[in-house]
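All remarks here apply to the structure that follows.
Naming follows writing order (A, B, C and D), and every chain is counted from residue 1.
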Amino acid sequence: MNDPLMPSVAALAARIPDGAKLAVPADYSGVAMAATRALVARGARDLHLVCVPVSGLQADILIGAGCVSTIETAGITLGEYGTGPRFAQAVKAGSLRLLDATCPALHAGLQAAEKGIPFMVLRGILGSDILARRPDWLVIGNPFAAEPADDPIVALPAIHPDVALFHAPLADRAGNVWIGRRRELMTMAHAATLTLVTVEQVVDKDLLADDATAAGTIPALYVSGVAEAPAGAWPLNLWDRYEADGVTLAAYVQAARSDAGFADFLARWLDGRLKGGAVAQAAE
Amino acid sequence: MSPAAYSRQELLIAAVTRLLEGCRHVAVGASSPIPGGAALLGRALSGGAMRVSVLGSTRNNFFTNGGVELFDCAAQGRVDAFFLSGGQIDGQANINLVGTGPYPRSDVRWSGSFGSAYLYFLVPRVILFREEHSRRTLVEKVDFISAPGVSALNVWRRGGPQALITNLCLFAFDKAKGCFRLESVHPGHTVEEVLDQTGFTFDRPGNVPETPPPDAAALALMRGAIRAEIAETYPRFAATAFAAGETA
Amino acid sequence: MNDPLMPSVAALAARIPDGAKLAVPADYSGVAMAATRALVARGARDLHLVCVPVSGLQADILIGAGCVSTIETAGITLGEYGTGPRFAQAVKAGSLRLLDATCPALHAGLQAAEKGIPFMVLRGILGSDILARRPDWLVIGNPFAAEPADDPIVALPAIHPDVALFHAPLADRAGNVWIGRRRELMTMAHAATLTLVTVEQVVDKDLLADDATAAGTIPALYVSGVAEAPAGAWPLNLWDRYEADGVTLAAYVQAARSDAGFADFLARWLDGRLKGGAVAQAAE
Amino acid sequence: MSPAAYSRQELLIAAVTRLLEGCRHVAVGASSPIPGGAALLGRALSGGAMRVSVLGSTRNNFFTNGGVELFDCAAQGRVDAFFLSGGQIDGQANINLVGTGPYPRSDVRWSGSFGSAYLYFLVPRVILFREEHSRRTLVEKVDFISAPGVSALNVWRRGGPQALITNLCLFAFDKAKGCFRLESVHPGHTVEEVLDQTGFTFDRPGNVPETPPPDAAALALMRGAIRAEIAETYPRFAATAFAAGETA
C-alpha cells in the first residue's frame, strides 16, 4: 500500500467500483457507515453485497438508495426493529436478486477464498429451501465415507469479494488495522482483492511491534486503503467502544416504511442535517 | 403460592430451564431474552457447571475467533443446546425465517435464516421458542423451509428439535415419528385452546399435565442475579418481565 | 474445566493416555518441554504424534525414549543442527510408522476438525511422493469445474487429535490461555478432544475481560487443564519471551548421535542434573 | 573492482536479488540466510515497494494468523517469490527433502518436505537455492519427490521453478521443455566444471556468460543495512559472509 492514509472517506469509497462484489460485516462487527454515506452520495450502482454473515442498516440504506442489485446474506435485521423495511420492499417488488444463505455457509465461502481453494464442505443445510434455491451450491458424496453416494454433504464455492469494507477502532501509519477479536474482518481482508477500512483513529505506534496488539491486527499487506473517520460507524455501534444511536435508528425504521419517508431520511443523512448524539458530534 | 405470584415470562423461563438440565454449554442467539434468561438460570442452578454464551453480550460471550466460532464450536460438539424460532413452524418442526408466499418475491419478508439451517443439524438439543401461539405461526406446512425438522436416514445429523414452547404450552418432538406431542399446558390455558390455535396436528396423552410453575428458588434467582445479568443485553426486558419481589 | 490449576506438570501429563493421538506445535511456537519430560518419565508408549506442522527437539526425544509409534509431520528439524538424530535413526531402523506430510496439509486437516467437516481440499501436492505414500489422502475431481474429472484436487481428511499439548506465557484462573499471534495453538485446541497447556504464569486478571488480551486468548471452554511451569519450554525458546538454550541443544545433538549418548542425556534430563542458563535456573 | 573485492555470499545474494525484480512480496523460509539477504537487498533497492517476510524473524514477519498464514497468503496470490532447496534436485526440477534410498526406511533421512509440495505450485517464482553443486546433490532423478518440478497440463498450477542457483552457476528453468538451461557461470568457475559436477543434463547456449558481480550500490547496502538486518535472524552468517568495508 503506497498511501494508506487517503485524503478523505469519499476518496476511499470512490475505489469501490459500480458492479463490485462488496463484502460488509454484521451491524455489531464494525460497519463503515461514513463510507457507506459516501457510496450513496456518489450514486454507486449494481453492487453485489456479501453480508458477513448478515447486515442491517447498511444494507437496507444501500438497497433503498438503489445501489444494490444482488444481495447474498443470511439475514437483514435491524435488531429489535425487525427486518430492514427497504429490503422487504425490494424483495416484494422483485427488484433485488436474492442469494439467501445461512451464516456458516458465508463464513465457509470466505474461508475457502482465504485458503485459495475452490470450495469448502459443511454438514447440515440439506433439505433446506435455501439449498434448493442456490444452484451454485452443490451436494456431493463425502469421498471419505465407505459409500460416498450415501453420505451427501453440501459443497460451498469460494466467495471472492472484489472489495471488503469495514470500520475499526485503530490503524497505524503503515496501514496495519486493529480488529481485536472481530476475526471475521481478518477473513474478509484475506478473501477480498481490495480491503478498504475506515478507523476511528490513526495512531503513530506500530501495531505489529507489540505482541498484545499484533494478535488482533490485520497486517498492511492485506489493506488497500485506510481513511480516518471518527464515529465512522454512527448511527451503529462500534463494538463496546460506543453505543448505537437508538433515536436515529428508530427514526430510520419509521421513515423507511415509505418511499417518501426513506427519501427524506436519505436527504437529511447525505447533507448532514441528520446528527446523532455525543458520538456523532465528535465526527463533525 | 397463588397463580399470580409469577409472571408469564417467569413461567416460560422456568420451563425452558428444565429442558436444559445436564447441558455443559448452552448458546443463545440474538433477540432471545427468555431463552437467555433460562440459560443464565440453568447456569446458576448448576452451580456454574453449565457454560452459557449469549450472542450480543460482551460479558457472557467468550468467543475470540470471530463470527464463525459459534458454528465451529457447535460442529465440534461443544454446544449442547441452542434456541431457534420461526415466523412459521410446522408439524414436522420445519421452520421458516424467510417469509410468506412464493419465494423469492415473498408477500411478507422476514430477516432470513441466519444459522438455523446449520445449527438445527449440529446441536443435540434445539429448543423451538415462539411466544405467539396461533394458526398464523404454527402452520401445517411452512412456505419456505429455512431448516428442516427431520432428515432422511442417510443424512448426517447430530441434532434437531427437542421441544417447542409457546405462550400456551410445551410440545416435545418425537424424532422417530417426526411430529410433536403435547407435553404440558401452561396454567390458565386448556388443551382445547391449544387445539384451536394450532395449525398442525400433534399427538397428546389422554391426560395432559399442567406446566409446573417456577419454584421459589428459581424465582429468587430470576428476580435477583438473573435479572441483573440479563439487563446487560436486554434492559427493557429486565425491567418488565419479572414480578418484582414476590419470591415466596 | 473444573480444576484448571493442576497440582503438577506430572499430573497434567498423566492425562495423556498411551496410544493417544497427540498434537504438538513447532519448536518456535511454544513447546511444553517440561510436560514432555513428565511424559518420558512416566514411560508413555505408542503415541501418534501430530506435528503442527513440524517438530524438533520434542519429537526427537519422545522418539528416542520409545514413546512414539507413529509420526505425522512435515519435518523434524533441530534448526541449524539439521534433522533430529533419533528420528533419523528410528526411520533407518524401521521402528517408526511415518506419515510424511506437507505443512499446509497438516493445518488443513486440523482446520477440518475445527470446522467439524470430514475433509478439506488443497491445491498443489499432486505428483508428490508424499501423496503417493498417503493412501489416507484422496484425489477427487473439483465438483465446481466444468469437467470435475479434469481438475484433480487433493482432499485431506480431518485430523482429530485426542490431545493437544503446548506451552504458553499466560493463563488466568478460569483457564483462559493467552497465545498472542500463535494462532495455530487455537486451531489445535479447537480440533482436539483434550487440550493441556503449561504456562509460564497463572495470572489473577480475566484475560477475556480486556479486548487487547482477548484477541489472542483461547477461551477456557477449549482448555482441559493448565499447569504452571516456569521456563516450561526450556531448552527451547518461548517466542521472543526467552531464547533457546543453545548450549543444551548442541549437547543434545552431539549426544543423540549414539544410543548410549542419548541414554545418558535422557538420564541427566530426567533426574534434573541437566540445567540450562538463567531461564532454566528460574524453573528450579 | 578486483574479483576478490566481494565474497562468494555477496555474489550469490546479488544474483538472487536480480531474480526478484518486480516482486511485491517475497517470503523466505527458515535457515536461508542468502535468500533472506537477497530479499532484504531487493526491498532496499525497491525503495520499500517490495515486502519481505522472513520466517523465524520477529521484525520482518508481519503474519498474525499463525502458521497457516504463509500458505493461505500464497494461495491468495499474495506471495510472488519463495525459495526452496533440496537434499537432491534433479533435471526436471523435482526436489527431495526426505531422504536417500528406499522410502520409508531411508538410508539418510533428512528433515522432511515442509511446505514444498504446496508452495512449489502456488508461488509464481520459486527459486531453487543449493550451495553445494555436486553429482550428489544435482542428480538425474531424485529418490523421493517432495515436490515435482513440472505437472500434467490439467493440474492447477500457478507457480513453479524459475531458476536454480548454486556455488558454481545459475540455471534458468524452461517450463515448456521441463529442463534447466545454464544461464551464467560464476566468476572463477567454468562450464566444464559445471558439466563435471552436475548429475542431470541441461541446455546451454554456445557462449555462457559470467554471472555479473554485485555493483557498488548493492555492496554498500549489503555491508550496511542488510548485514545489520540479517543479524537478527542469522548472527553468525552476518558476522562472516560480508567482505567488510570494501565497498568500491
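Annotations for the structure displayed:
Methods note: a contact is a pair of C-beta atoms (placed from the backbone, for glycine too) under 8 Å apart; a residue touches a chain by one contact, two chains touch by 3 or more.
It should be emphasised that the depicted structure is a prediction, and the values quoted were computed from it without experimental measurement.
Within the contact network of the assembly, the step distance from subunit B to subunit D comes to 2. Distances between chain centres, each the mean of the C-alpha atoms, put D farthest from subunit B. Subunit B has its Cα centroid 29 Å from the Cα centroid of subunit A. In this assembly, the C-alpha centroid of subunit A lies 41 Å from the C-alpha centroid of subunit D. In this assembly, the C-alpha centroid of subunit A lies 37 Å from the C-alpha centroid of subunit C.
Within subunit C, the positions touching two or more other chains are listed as 115-117, 122-123, 153, 181, 186, 214-216, 240. Counting partners per residue, subunit D has 63-65, 75, 122 as the residues that reach two or more other chains.
Residues 2, 113-117, 176, 186, 190-191, 208, 214-222 of subunit A touch subunit D in their complex.
Contact residues of subunit C toward subunit D in the complex are 26, 28-29, 52-54, 73-77, 79-80, 82-84, 87-88, 91-94, 98, 100-105, 107, 111, 122-131, 133, 150-153, 181-187, 240. Residues 25, 49, 51, 62-65, 72-78, 122 of subunit B are the ones that touch subunit C when the two sit in their complex. Those residues of subunit B whose C-beta lies close enough to touch subunit A in the complex are 30-31, 56, 58, 63-69, 71, 75, 97-99, 103-122, 144-148, 151-152, 154-157. Here subunit C touches subunit A in the complex through residues 108, 115-123, 138, 140, 142-145, 153, 155, 157, 179-181, 211-216, 239-240, going by the rule given at the top.
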